[in-house]
Amino acid sequence: MSEAVVPHTTEKRAAAAPGRFRRALDSDLFYSFRRSKVTMIAAGVTLLFFLLAIFASVLSAQNPFDPAQLQLMNSRISPLWTADGQSPFLLGTDEQGRDVLSAILYGLRISLLVGVLGVVLSGAIGILLGLTAGYFGGAVDGLIMRIADVQLSFPAILIALLINGIAKSVFGNKLDEMSMLAVLVFAIGLSFWVQYARTVRGSVLVEKNKDYVAAAQLIGLPAPVIMLRHVLPNTTGPILVIATINLALAIITEATLSFLGSGMPETMPSLGTLIRIGNGYLFAGEWWIVAFPGLALAALILSINLLGDWLRDALNPKLR
Amino acid sequence: MSVGRSLFAATLAGVLALAVSPASSQTLRYANQGELKSLDPYTLNESTTSAHLGHVYEGLVARGKDLKIIPALAESWETPEPTRWRFHLRKGVKFHNGDPFTADDVVFSAERVRAKGSNFQSRIPADAKVVKIDDYTVDFILTSPNPILTALWATWYIMDKKWAEANDAVAPTPAAATTPSYASLHENGTGPFIIESHQPGVKTVFKVNPNWWRKPEHNLKEIIFTPIANPATRVAALLSGEVDVIEPVPVQDIERVKASPNATALTGPELRTIFVGMDQARDELLYSNVKGKNPFKDVRVREAVYRAIDVDLIKNRVMRGLSTPSALMVAPEIFPSKDFARPKFDPDAAKKLLADAGYADGFEVTMDCPNDRYVNDAAICQAIVGMLARINIKVDLLAQPKAQYFAKVLKPGGYKTSLFMLGWTPDTLDSQNVLHDIMGCRDDPKDPNRGEANLAGYCNKQFDELADKVLVESDSSKRDLLIKQAFELSMKDWAYIPLHQQALAWGVSKKVKLTQRADNMVMLYWATKQEE
Amino acid sequence: MTEPVLSVRNLQVEFASRRGTLRAINDVSFDIAKGEVLGVVGESGAGKSVTGLSVIGLIDPPGRIAGGEVRLAGLRIDNLPPEEMRRVRGKRIGMIFQDPLTSLNPLYKVGDQIVETIRTHLNLSEAAARRRAIDLLAEVGIPAPEKRIDGYPHEFSGGMRQRVVIALAICAEPELIIADEPTTALDVSVQAQIISLIKRLGRDHGTAVMLVTHDMGVIAETSDRVAVMYAGRVAEIGPVQDVVKNPLHPYAKGLMGAIPTLAGDDKRLVQIPGSMPRLSAIPRGCSFNPRCAFAFDRCRVERPEPLPRGAQSVACHLYDTVPAESAA
Amino acid sequence: MLAFTLRRAIQAIGVMIAVGIIAFSMFRFAGDPVNQMVGMDTSGAERAAIRKSLGLDDPVIVQFGRYVGNAAQFKFGVSYQFRLPVTNLLMERMPATLELAICATIFAMISGIMMGVYSALRRDSWLAHVFQAVSLIGISLPTFLIGILMIYLFSVTLGWLPSFGRGDVVHIGWWTTGLLTLSGLKALIMPSITLGLFQMTLIMRLVRAEMLEVMRTDYIRFARARGLTTRAIHFGHALRNTLVPVITVAGLQFGSVIAFAIITETVFQWPGMGLLFVQAVQNVDIPIMAAYLMMVSLIFVTINLVVDILYTIVDPRLRSTVSRAH
């Protein structure tokens, strides 16, 4: 939803500050990182979450995606430190006897997978379209940017719902968990590309008129290749910022889709799905089913957002 | 003297009523997850809609608090011959617009309910004749005996002929109507309440009908109905005292509601039976890794699946004790019998049965399941998936919203399922409906409607013969015996796996006294609310 | 002698940074008399703009005035409370920035901006302020001022905008105008007009002007006196003819050598080797010593203090121990 | 100006046509509505008849033609669930959604701008840090969770605010408003906050960033050099310049607010278009879904147009040269 915000600033910055990122990386970035305790903690938490997700299968008491490992007998056990807690269910279990901690670890994996792949896909689409629009200009540029305009006025969640719905209706009922994941990645990827495209296009427009492009063309080097070498480093900073913020947004979008019933199925729950399921048990006093996934999601997104904030400020020396 | 005294008493009562009723008549706020979908009582055969309309419309008969058929617009009836039913109509009843209720309205309603576009055509056999004898007597002449003719009539609501004719509403509003008819936006019944305003999906206000022929058991002046689809919001509205009655309460919230100082939960067994079915019609399953044959055609595999499912565990854990495990495909209220016991949960026997059938290593199959239709439906399916995994049947669960689910598994979708869960309430409140619709052979050339909802494709000609005999048998003990034989036969075939009757759970404010009926129809004309 | 309009004594400005405290201005002193134009010249980073900003009290954190004093007509202003300093700004000291394109708020009509400033400082009615604004625009040479007063900044050309900026700077009849590179962003053809305008206004109103620029040519043309700054210090200060004709400080010599003269003699422009040190790496002793052709041991250990040489003042050891002899 | 408006309008029509095609083709495949319309015990023959009467058996191209023809006259057919004309239903629900969206936007604008200005001007104060933290938490928790938690706290536990619905509404012509009754106002509080929280965060951060940026511009420095009061600088000059992008974003975000109302309305059972849409999705009520999409798109393009025009009013530079390159 912040798509309208970032381009305003990044486009300008990309144009105004070629190579700023590279310079910044040398010293300032690392310095400002070390200076901010909050950022260091956020980075630590984010890293921790990624590690937890990667090693989920090693760390978990059970594989919550494998129904054979779920014991209905063990359902609705409260966390270990409460009176009714039972080992090994540190954070308790849910209605199905799913260990909440394991479910969080595996859910984290799904959420991050959807988020990261979604962001990578949207980045790839956005960069490609941005390069195309900027390089060719004219009608191609007009068309791509008009599409971007239109898309920008539609919130990502609605676009994702639409794509989700289209995919569901096209593939009918054949969608299993993995294809649902692919659909989510696709939906998120197609909803978030605009900012990248605008940033890259802005940078291309700046570079296009520079002498070296003409020079390269004179000596017979393909201009696109040359430009790519200049454009991409210049936009790395803004793109990194967009990607970080979008990662958080993508994860929330997935959670929201799942609240509206279009997210990951309950047999392979993401953090968002876990919250939706757990939400139904809040009044029943089985708070741990929703509280821990909620906390995990909030902590993850908070950390990523903090990193994104810091990155944006750090790459923009004016704000320091 | 006696006349004087009674006159005095009546006057006193009248004065008292005048003095008391304005203060004691209350507004009841009611929230349901479902919606009142049309005001035309013949448009949609759906229980929530029928229950709502039951406050403004009435049938010739009604169902009492114990679901027994009781007289309503018909004071009494008799069957002079097995194929002739005579109904004596109540006199002095008026529709909400003041029109008197007469035999003409019954004849008219009988035609309208069977007309094209009605969703209730089966309420009266198509070839039955409805004859007005006098203004308050009507005969129904059938071509074959039907002992349960009135079973579904509690939701066959009588409409006003004059009103319908005056408002161009003689034809029923079809479910697929592209323009709303007058009758779908307005009501004119004889019932205890009058709809004052109706904003679909938002709010419907029922005002009390001061001229109702029956003495009200409620003390309400109006009912404000709001559909609240989100379960948490619905519960919150009850807990915070914003509504007085909600239906349903999610099972996990029942304890919370009971613990609340201003509300409680009414629970009881529902008539709906939840069951699992296996496709035993196709030669190869649509969704399985077993090719060239159908494992569910093997009775040992069906028994294995049956024995692998621990319904008691589902009851304790998923349903929180609020279900009644069932051996039969109908609820005990419909067919009470002590002769049936559920075959024991026995995973080891199940494994052995599978091995005997040649599936020692199990197989893979996809299970279809709704996730917004029955109480904890998806959770039950997930639990079953886990249980079947322990006998090496790897189940891929496809839990979907009811719209997509029904589109796929029902007859119009081509019964596209290999393993599924479904719930069924015979709306006749009679076993025959289940024997015919769910367990009868599909594709019976003589009876195309047989096996309409038989998603498993179970087919046993002997069973169908029994079902046919049940339909025409008027002697109830002989009839029960036939039903029993049919159920025994189906159990021997391991045709279906009945799981349980789910519990119905209504949330009710402590200020409100309410009768809960097992068909889950919320009838607020039995509700009383304390003064505020 | 009358009190100078501006008197800066031993001014020190520091910037706290993560590499330690950087001293941007180190012990700078100078005076400007009524009606006098003082040119402040130096390479970028020499501290000339910072000097201007510290006089008007607009050093942004993390910068701060760490020592010395600034007096405006005898009143010490460097330690005034913010609200009183604000009243000094615009009213008694006007400022002109480098880029007229960005100095004006694009969303307000120029007239509104002038009226706003006038009414902040002078007790005038809206109408009177507007009349004055028209007069001011006329004075700075904007044609049809009664019409242009309702124009937006983007409707003005660069030169015209700088005239508006000047009008804004003088609208409360300040005693001192600080012009920070007022012509740098302008076309060469416009530069001369703006310079002469500033000069004329200074003369007509008896306003003291502090003209900050890196362009010796502008200084030579406009200023009465000139201060040459290097690495946060005044290297040399004196009447403009003296400094141009006879620069004393080796750095000033190099700088003056960079002025193309009309004489067109074959003397090549003197290039000073090397570049100005960064603030974080100012050498010990004389900050110019690594680039100085005349540097000797003392220059590397001891900081030279300003020494009067006639009307000039120079901070160089060359003029201390061995007076004048090695200075050619 | 006219040419510009005209061009935008043509673009808008293009968008609407594209949305129409998407709406139609998506909902053409979104499950069988007949299953939703009739009970489970309806016979196959009856179902087939209903399908036929709905025209669901016609070739796709015929169905699309019919759809476009009707849509152009604002006829979106009759809701499968309610058997009422969809246009009426949507118009009936629109006031609820718009009122909620406007209240949420006002809440977000006022609190977002105040917090943003404060944290830009007092960057290092503890309150600014609190605002930053609040804003981060605001975007780090999913809307539905915030809504549920608020209901749990303010309705169930404290009993201060209603947990669902609009309260009593007053009819003014075809419009209904909850702003004129106490219960209506109380009912607006939680949904507006829930819905506006994200926007508030966004606006706050935008205002802060833009304000910091503006405060560094030459004209602010020059304004300070002119001796203008801090108030005049902050609120006259800096804020006004900050508001240009803020208006754009807030305007564009209004579309998002309406779309995000889907979630808020579901949680609070708010009888608006979003709730209608969610119910329609659940019940495969194709006419409502299609009409909602078209209606929301129409609102979006209208907003974009209005924002563009507003933009030119606020920023005089754009009045003469309206070609606003994106």
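We call the chains A, B, C and D, going by the order they appear; numbering starts again at 1 in every chain.
What we mean here is this: contacts are C-beta pairs under 8 Å (C-beta built on N, C-alpha and C of every residue); 3 or more make two chains touch, one makes a residue touch a chain.
Just so we're on the same page, UniProt names per chain: A, D = ABC transporter permease; B = ABC transporter substrate-binding protein; C = ABC transporter ATP-binding protein.
Everything numeric here is computed off the predicted structure, so don't read it as measured data.
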Selected interface, A-D versus C-D, where C-beta contact pairs are more numerous: A-D
Innermost chain by mean C-alpha position: D
Chain located farthest away, centre of chain D (ABC transporter permease) as origin (C-alpha): C
CA centroid of chain A (ABC transporter permease) to CA centroid of chain C, Å: 51
Intercentroid distance (Cα basis), chain C paired with chain B, Å: 91
Between chain A (ABC transporter permease) and chain D (ABC transporter permease), centroid-to-centroid distance (C-alpha), Å: 23
Shared-contact residues (touching 2 or more other chains) in chain D (ABC transporter permease): 31, 148, 152, 156, 266, 278, 282
Residues of chain B engaged with two or more neighbouring chains: 232, 236, 239, 372, 401, 404
Interface hub residues of chain C, defined as touching at least two other chains: none
Interfacial residue positions of chain A (ABC transporter permease) with respect to chain B in the complex: 66-68, 70-73, 75-76, 95-97, 168, 173, 176, 261, 265-267, 279-286
Chain C to chain D (ABC transporter permease) touching residues, read off their complex: 56, 58, 86-91, 94-95, 97-99, 102-108, 116-117, 120-121, 152, 154-155, 165, 168-169, 172
Chain A (ABC transporter permease) contact footprint on chain B (complex, rising order): 231-232, 235-236, 239, 250, 252-253, 255-256, 310, 313-314, 317-318, 371-372, 376, 378-379, 382-383, 385-387, 389-390, 395-401, 404, 408, 416
In the complex with chain C, residue positions of chain D (ABC transporter permease) that touch it: 217-219, 221-230, 232, 236-237, 240-241, 244, 314-317, 320
Chain B contact footprint on chain D (ABC transporter permease) (complex, rising order): 31-32, 34-48, 50, 53-54, 77-85, 89, 92-93, 148, 151-152, 155-156, 159, 162-165, 266-269, 271, 275-276, 278-279, 282-284
